[in-house]
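Next come two complexes, and both contain chain A; in the first it sits with chain B, in the second with chain C.
Take a look at the complex of A and B:
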């Protein structure tokens, strides 16, 4: 089977993807070396000036990046814990099993940005149901306009939206596990907790790692939620990297500088995700 | 399993279910409110807490000239773009995945895995990185603010998903199936279309579902690459969220937009229970 046919299969998709992507990537690199903004549109050449500015004179970018790392690690951790717990609960016999499985999947089917608009009304500080509940205790937390809480709100919405994805991957994993190790553990007289610690969890490790990495990649793109919920505010207290690049590029039209930001961000992401993947493999397959 | 664990399980599952349903119930209730019942504080039950009206829903069907919110056209646009982009992605993605799973490629240090990684790695790319060059590129091609331009961009977003799921799927389909067809005198292309393709429908359905989900729910590119001529549903709904937010029509529109994908949730669950997903998702 090694005819020229193989190229007939591969090339259409490969060329389409390459064709649509090669310009954007090449152009971003070139753009990052220019000072293109709304006053002087055009591809001049200013060397690495944008990068110098980024590394020496832009604390806002690094703050946004720290915030992003913090927020995505927390959300993915919550999603994994909750998602695993839920998947484990509806894995074996439970009443209304289909109902719960479908219900737990639904949030990921909804458009994040549209649900966020709804969440914004839920967390509305004077008219929303959340503060209606809290006012029973005489407090009205500022879910959207206080520096600390606006991050929490973004995290809650992200957990609601994307735990189902984790749930789906982990449930699919649980359903594909072989039966024998569980039988063996039962014969050895292992209780549910020991079974989980010594059989289920280790068997699920590869799937868990995959799921966590996929979610970390997606979580690092947090953008829609922030845009609708807080617009990065109050001040810049809930701004994430994507959102900051978006502001610089498509609000202030500093195309050149935002291209430099994009590339730096992309490289940091690739490096850190590779490191995280290696660390997770070590941690979870230790036993 | 002890009673304690069972109680804990049902409690946890119930609490999470309530959390999942809560925003939908709130949106449903809000969609029947009017200006007064929204601004007088949080209210929940129609007829008891507030007098329900159908205004929020009626607005959706009225033309903008009569003060309505036109979501019918964005709705159709969204369906068109999502379906066409998913179809192209699955078609090209399946072909490429088949090649990567069955043949060996080698060009210098580049091997099959590297090509697969090239496809999948496009998902790592933060949308912002691509947004500006896409904006300028579509502008140059005259495709800014058109459905065709959006389809092009969505193919880039969705093809990685199709390739990822299908490579995995083909790796699990026994090679003997292709070989039998080849011995029967088919050439590889006939073998693919007559034998392999019909056998890979489950994988393609799963890939299709995922493409639909991610295509339908994208906001960012639709938001940046269209202005007035064409609007996709998420953009149309978010643009309602202006200075004076009409919570009622917003909620109604949100519920309408979410509805079709709920069907997808049922299909995904079906595949999950039959064990077809576990093969496709790893």
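Take a look at the complex of A and C:
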């Protein structure tokens, strides 16, 4: 049979793919090989100059990447732990179960930028309510303007905002688990802790890995929280890769260079997330 | 200068009397100008009402509400009612104003007829902007604009941007504290020095330190020394330049403040700038908790809310402090930026031990018409209407509008006494301070206006914020900035940057 007509049916999908994925990536690659900025608008060709600059003369990008790695791992770990605990809590038959399920989802439903502005007000060192409380004990922590605490504040806001996403995925996973292994464990006399360690957690491993990877991808793009809360400061102490790329691209208008940063960052993320996913599979499923 | 103020007073009074008959007609319809009514002029309400722009559409990209965004929208609505034009106003956060206009500019598109932005965008934007036509440049309304603000909006003698706002950095202080005999005696007893309006940044620091962390206005709250714009990337570089002009702008050394015009070597890591940054790092000890993360809004709220003794930067903190709802109305004073006891001479490579002061004519809000706009006549008329005398007088009385004095007739103290209820002495001091900065000094510093200005400013923000955060010493931080500036100059081309920078240097050297 002649199936050549099948290509006709594939064509719309291919055109959409070309328009929304292949062309932007191709254009970004081309842009990264140019010096396009506010003064030289245009796709000239400068070879690998932007990449050479990035690898030999831009320690700020690599510092921002290290900072991002630290913040992403901590943030996602906390989101997973808290999200799992909350999901486990409302998985059981408890009072006001539906109310809690909705309540835990509220942070995720709010607009991130608006909520970050509210958090900024809450953590304002001289006018915010958090330090009003702490001043009762004679301390006024510098939530936004200390090198160490500014990172902690970003992590707190990220955890608050996105733990519900983890909660939602893990709750869906828990609700889909088969009942038989739990019945078998009960017949064998397993208590709640053993049931969790030997039944719930292993059964949840595939879903957990998916949820962690999705959140790691999202957390690696931390931008709006940093932008509103600290602008990457004080100094560069809370600057992340995406915020740095934003500065180079849309503040300093170095389009060519920021395209090189973006592509490099994309490749690093693809490689590192692939490795992390394999490690998680090994750690959580195979073991 | 007194003669000029008298002439301006007479002009304003005469204008007010002349339009008194028409004032009711227009102020009934447009309550925004109820204090003055319409004021006769080329772009007055009366003049605009005679134009018919029905069927024509203007699209304006402006700042978010309220600063500049609110008056843009208000005057768009008024303009629309008067002329029949359809005016669409788009609000954009300050940080994105540059790119939101620049992207379509570079792509050859014209989504906006009018773009609002900062006056230091001029070098990067000018090729995409329509110069202001001669009929507007020569009109009476424009003759009232101070020369400094004509210069700020012009490039090489040609007016590119339309003056709608005036900006400069100056000192704001708590007059009720500095003039308080009890505190003067206490300060003298404990420090051996006079408590007075600080003449130098060192005095500023000493007084701010003395008044830091105790309840000196007996309101039950702790007060602090100073509120300053220290947040990275939030206009902080302008605050740093304000602190550095006294140490680094030597009136006897022409040829560049930011760069040596001949060699295009950055001067930013010279001893004058390092001294200023050292002072600024010291200032982190006398700002309110979290003051190192204060943006302009925080500075306005902090000083305007009575939290600090000093503040310096744009007019807004002063205007906010003098509004009717302010707890410190008529308790604040204005003065020129503090000076220094010594100034660096880069030619001789030595400090000169004499008092120095230099006004920083900082960049501010401005607006321009896109070259690709198909409605340029309507667009220029809108801008002219925005800045007409009646609108301008009403706008400068509203702190949140972000419109500040830039016309000679603004520097008449009676205006502020009669219309805004200011104490006459404070109004006089305010008007004289601003006028002196505009017209009196020959040692002014203008903002950097060169290609890639954002790259230079971003580098200074990053470097100085590292010093404020304690990540680097002031010298190390500014050395890092100088290295970055050299790279930017190399990328753009030394001759290209020099050509643009020379225009600013000519203004500074009074050529």
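What we mean here is this: the second predicted complex is superposed on the first by the 269 of 287 C-alpha atoms of A that agree within 3 Å, B and C clash if a C-alpha of one lies under 4 Å from a C-alpha of the other, contacts with A are read in each partner's own complex, and residues count from 1 in each chain.
Operating definition for what follows: a contact is a pair of C-beta atoms (placed from the backbone, for glycine too) under 8 Å apart; a residue touches a chain by one contact, two chains touch by 3 or more.
This one's a predicted model, so the numbers in the text were calculated from it and none came from an experiment.
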item: Touching partner for A:140 - first (chain B), second (chain C), both, neither; value: second
item: Touched partner set for A:41, first chain B, second chain C, both or neither; value: second
item: Contacts of A:100 with chain B and chain C, given as first, second, both or neither; value: first
item: Chain B versus chain C as contact partner of A:63, first or second or both or neither; value: neither
item: Which superposed partner A:250 touches (first chain B, second chain C, both, neither); value: both
item: Touching partner for A:13 - first (chain B), second (chain C), both, neither; value: first
item: A:223 touches, of chain B and chain C: first, second, both or neither?; value: first
item: Comparing the two partners chain B and chain C, which touches a greater set of residues in chain A; value: B
item: First (chain B), second (chain C), both or neither touched by A:192; value: first
item: Overlap of the chain B and chain C footprints on chain A, listed as residue numbers; value: 126-127, 131, 250
item: Chain A contact footprint on chain B (complex, rising order); value: 1, 5, 9-10, 12-13, 16-17, 19-23, 26-27, 30, 38-39, 41-42, 44, 92-93, 95-96, 98-100, 102-105, 115, 118-119, 122-137, 152-153, 155-156, 159, 163, 178, 182, 187-189, 192, 213, 216-217, 219-220, 224, 233-234, 237-238, 240-241, 245, 247, 250-251, 253-254, 257-258, 261-262, 264-266, 268-269, 272-273, 275, 277-279, 281-282
item: Interfacial residue positions of chain C with respect to chain A in the complex; value: 95-96, 98-99, 102, 106, 124, 224, 231-234, 288-293, 301-302, 307, 451-452, 454-455, 458, 462, 465-472, 487, 491-492, 496
item: Chain C contact footprint on chain A (complex, rising order); value: 35, 37-39, 41, 57, 60, 124-127, 131, 140, 142-145, 147, 230-237, 247, 250-254
item: Chain A residues within the chain B interface of the complex; value: 1-3, 5-10, 12-14, 16-17, 20-21, 23-25, 27-28, 31, 82, 85-86, 89-90, 94-95, 98, 100-115, 117-122, 126-129, 131-132, 160, 168-169, 171-173, 175-176, 192, 207, 210, 217-218, 220-221, 223-224, 228, 241-242, 245-246, 249-250, 255, 258-259, 262-263, 265-266, 269-270, 273
